[in-house]
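For reference, chains read A, B, C, D, E and F in written order, and residue numbers begin at 1 within each chain.
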Amino acid sequence: MKLVTIVCEAHARDAVTRLLRQVGAHGWTLFPVEGDGSQGRRPADIPEFANIQVEAVVKPEVAERLLGTLGSEYFPRYAMIAFESDVRVLRSGKF
Amino acid sequence: MKLVTIVCEAHARDAVTRLLRQVGAHGWTLFPVEGDGSQGRRPADIPEFANIQVEAVVKPEVAERLLGTLGSEYFPRYAMIAFESDVRVLRSGKF
Amino acid sequence: MKLVTIVCEAHARDAVTRLLRQVGAHGWTLFPVEGDGSQGRRPADIPEFANIQVEAVVKPEVAERLLGTLGSEYFPRYAMIAFESDVRVLRSGKF
Amino acid sequence: MEILDAIRANLLSPAVLFFALGLIAALAKSDLKFPEPLYTGLTIYLLVAIGFKGGVAINEAGLGKVWLPACAAMLLGALIPLWTYPVLRFGGKIAAVDAAAIAAHYGSVSAVTFIAATNYLKAINQPFENYATAFLAVMESPAILVGVVLGKLATKKSGDDSFTSLKTATHEALFGRSIFLLVGTLVVGALCGEAGMKKVEPFFVTPFQGVLALFLLEMGIVAGRRLGDLRKVGPFLLAFGIVVPLVNGVVGVWLGRATGLGLGGATLLGVLSASASYIAAPAAIRMALPDANPTLYLTSSLAITFPFNITLGIPIYLEVARWLYS
Amino acid sequence: MEILDAIRANLLSPAVLFFALGLIAALAKSDLKFPEPLYTGLTIYLLVAIGFKGGVAINEAGLGKVWLPACAAMLLGALIPLWTYPVLRFGGKIAAVDAAAIAAHYGSVSAVTFIAATNYLKAINQPFENYATAFLAVMESPAILVGVVLGKLATKKSGDDSFTSLKTATHEALFGRSIFLLVGTLVVGALCGEAGMKKVEPFFVTPFQGVLALFLLEMGIVAGRRLGDLRKVGPFLLAFGIVVPLVNGVVGVWLGRATGLGLGGATLLGVLSASASYIAAPAAIRMALPDANPTLYLTSSLAITFPFNITLGIPIYLEVARWLYS
Amino acid sequence: MEILDAIRANLLSPAVLFFALGLIAALAKSDLKFPEPLYTGLTIYLLVAIGFKGGVAINEAGLGKVWLPACAAMLLGALIPLWTYPVLRFGGKIAAVDAAAIAAHYGSVSAVTFIAATNYLKAINQPFENYATAFLAVMESPAILVGVVLGKLATKKSGDDSFTSLKTATHEALFGRSIFLLVGTLVVGALCGEAGMKKVEPFFVTPFQGVLALFLLEMGIVAGRRLGDLRKVGPFLLAFGIVVPLVNGVVGVWLGRATGLGLGGATLLGVLSASASYIAAPAAIRMALPDANPTLYLTSSLAITFPFNITLGIPIYLEVARWLYS
């Protein structure tokens, strides 16, 4: 299985979770984070201007689709990074 | 070393940290998260009904024991997912 | 690319983010966490006494430098752990 | 039609209307929600304020007046699961462990329902014994322990495991956040008395009603999210969540009168007896009886009984008391 | 020199000085910042308090007095983007989608600016219609929707995608947190009336000014962080962020008078018309027009117009009203 | 036996009893704890309220009265580390860097202890100079800088590194959250004066004592967690944590009298001198002297000196003042 991690501006939240469903993720985990990057510091004091980190455990092919769409549709528009890593899950059936 | 990540309902917190000690983890890191999965949305506004993410860096054999018990004892009872990945640690002695 | 994860006492925050810039990381993500380890429980109720988790996606050579300095300069002084894992990123140019 | 007026008055109070607004927010899928620390902060404030006030009241009334009804309340809490369990098990054909879990919730109490009741009485100028908070404090745990034991007997687990979880449940039931805050601030209030109250009144008493209204807004959201599960729990639990409170409410009022409480105090004991826990009990039960299905006990206590009590229940229990005391 | 005295009085009020302190904290790179839940809690408190108060006022004044100016306010909000868009597009040579986004922000409103204005009027004992909150509630969404449509026309996207995002924008604009809280508590307040107000006044009214001051401290920090971006937006937006509010402010005051509001109410309508949204609009626009550059609309509304309004704007709009009404 | 009565009165105040309740919660391993944002929100409120009040007081008294005792307070803060360092180093055989770190903590101040003292004086109707907050503001940093320099001299690090960390320490000591809030709100208060105070009084003054009581509940939990470390620090630091405050307290009271403060103000200067920092100092020291062992300075300041001062210390320093002034 693949763990896809997305760190992005909070305003992208709905767009990202919608995309996750579309590409076939069965769930996600999300939490607010603070960050620094090419677009400057993002302190986590105002929810609307903060960052969120979204994690989704998905099948490799889903990860492909997900990262693909993120790269083409989302990166040009939102402050975001995304990366993928290999994980061994329990009950792989559910993902 | 293995990094074991567990996302589960907050009520499982004590049970999970107890288990971590039992199987021989020397520490853990924990934070509240919001999530969506087969058992529906879990917004993070009421601590008792929220999710937590628990991370533990452990030896491979400890990870085995941990995931084993989680699968047999915990999954049937709690809303939870767990996965394992390879990490390279500093001071591997302490884990 | 490498994902370097650091969990440390909040007081090390500035020192760690400064180091990240020095060794050449282009960004970082940070959030408060609760933890348990060799130096005892660290509940997350007082920011000054809490833990933070810092994540940075960096080039392998940067990860080397980072972990090296952490091991020699920071571990003796701060309550902290650090580990590295392999990740596949989008837009690897930006890291 | 006094009762109808009383109900209308209650329905038009800010507290209840804010609760309704929360329900609507949840149903309209608005992104409105309180951050967890705000929710926790409000609960701490409400528990500390009510506990401290109760302690000051005990300091004035003297333990002599409090102990008898307090013991009665405790006993009542422990007994309720014993009669609700069979009803659920055989009347509702509900699995043993689930029946035990639900029974524990209805024997335990809801602090927010109690607080809403005190507000309601204050609003209609019905005097009541402020030390009734002591009953709230002693009624939370017993039922949980009884319910856990019932559940353990039903589901014979590996001794050790069940032992640990019974132990955790006991610790949770006795040292859990809410219990600790209530009992602790009761004692603090009893030690301070009026002198101490003067200092903190502008923070713990004056704005109290407004804070409660704001808190009920969030409670409405939380309860509203569970409304979807009503289908899952079936008609029996639906009826159970309304009939049992009414029965327990009457018993509580009667017991209050029998142990020498005034009309207001008896009403509050009725409210406590009728209320079902949805925070302390779920936390303890989830640990001690992880095999019980949370949807059943959470939905019935949070989405059925809690809304019923703060809208219709409270005025009804008061009417019952009025009738008993006339 | 009345106007100068009015401005000095405003600049020396705790609210404005706390805002200035926040600006300094941001510029001095102090590590001072409010935790997110505290910020959110304060916004919830301010919106609920102002909404409930407004509702009670409607309950007293009666809808008959409110509907006409309310509709006018709504219309005004919808029209502002239609004249600011061309100004930005052709006057400022700003890209279509960015012009649409900025126009939406200036048609929409800033609740905090409105609240600061009511505080200012109270401080100088200038009576005003408390139900003006209703105008705040109805002016937030229309401009956002108009702006989004303008942006969509400019950037023809794949039907489906643009459809979803237009839908999300509408939902966001109508059920977003702030709108929902304002409209909801307005209704609750209207249902409760004075009787309900009595209960919650010590929490929602008495400490209100102090809470606002504390909140403006954080707003100062947030606005201060954006000051660095002033260079990026260029002189045109700088002028735009000050001139447009002045124009809209005068139009708003005039419209208030034309629809029968008193001096205070007209001033508040002027403030609303002059204010630019920096929370609700960015959230909706970011979803519906993700191609618009946030630096442009956030910097102009948050770092230019907002500080201008709460320091100089508010007293000026009042003077305009005084002059119109004399 | 006046002193004993004074102490009993203090021990039975809500503030101290809530602190005790927090200690018990920590020892009983209750899961009670405040969410971080609630803790941070309460500190911000307390610092802003006390700072603003102090500023208004300065506005009334005039700088003329304040500057002399303020400079004296600052000097005192800078000198305390110079005499405590050798005591720790040679009396206690404590490593140089640790001795420097601890000395810095005792030269700096604890805002909460100061606030508790003002509350105590208010409770017993002992008038005091409200501008004493200015002393709190100026005493926090100097000792930290002196302590850091002492530590640097002891541990000769690579120039550059030590330079950065000395720089960070200075920045932290001068622009850290608490300092910034105190100084900033002092200035704001001084600019607003009574007129501004009227507006925010219901929020920043009226509920203040209650908020402090709630905050001390959390402080009790935090301090209670450190009680376990008492074994680790050894008898010398235990004695140090009680004797040094007594000595510094007397010196502070005497200095207050020498610089023309009244009985109340002198008591507060004594309290400041006796108190040890456990938030600002640890933050700065951890960055500037990372080799110092936090267990030593945190345990002594947080688990020994802080509880001692708010229970016994404050009434004692008042008695000392009474005796000096009679």
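Assume a residue touches a chain if its C-beta (ideal position, glycine included) is under 8 Å from a C-beta of that chain, and two chains touch if they have at least 3 such contacts.
Here the structure is a predicted model, which means the values were calculated and not measured.
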Exercise. In the touch network of chains, how many steps separate subunit D from subunit E on the shortest route?
Worked result: 1
For this session: Quick one: point me to the chain whose Cα centre is farthest from that of subunit E.
Result: B
Exercise. When B-D is set beside A-B, which has more C-beta pairs in contact?
Worked result: A-B
For this session: Could you pull out the chain whose C-alpha mean position is farthest off from that of subunit C?
Result: D
Seminar exercise, completed: For the pair subunit A and subunit E, the C-alpha centroid-to-centroid distance in angstrom is 32
Problem set entry | CA centroid of subunit B to CA centroid of subunit E, Å | 45
Exercise. How many Å are there between the centre of subunit B and the centre of subunit F, using C-alpha atoms for each centre?
Worked result: 40
Seminar exercise, completed: Whole-Å distance, C-alpha centre of subunit A to that of subunit C, is 20
Exercise. In subunit F, what residues contact two or more other chains?
Worked result: 34-38, 40-41, 206-207
Exercise. Residues of subunit A touching 2+ other chains?
Worked result: 31-32, 44, 85-86
For this session: Throw together a list of every chain pair that touches.
Result: A-B, A-C, A-E, B-C, B-D, C-F, D-E, D-F, E-F
Problem set entry | Residue ranges of subunit A touching subunit B (in the complex, touch as defined) | 1, 3, 17, 26-31, 57, 85-91, 94
Seminar exercise, completed: In the complex, the residues of subunit D that touch subunit F are 35-38, 40-41, 44-45, 48, 52, 175-177, 180-181, 184-185, 187-188, 191-192, 195-196, 199-204, 206-207
For this session: Quick one: which bits of subunit A touch subunit E in the complex? Just the residue numbers, please.
Result: 9, 11-12, 14-15, 18, 32, 43-50, 77-78
Problem set entry | Footprint of subunit E on subunit D - complex, ascending | 12-14, 17-18, 21, 24-25, 28-32, 34-38, 41, 119, 123, 206-211, 213-214, 217
For this session: Give every residue of subunit D touching subunit B within the complex, in rising order.
Result: 33-36, 39-40, 164, 168, 218, 221-222, 225, 279, 282-283, 286-287, 290-291
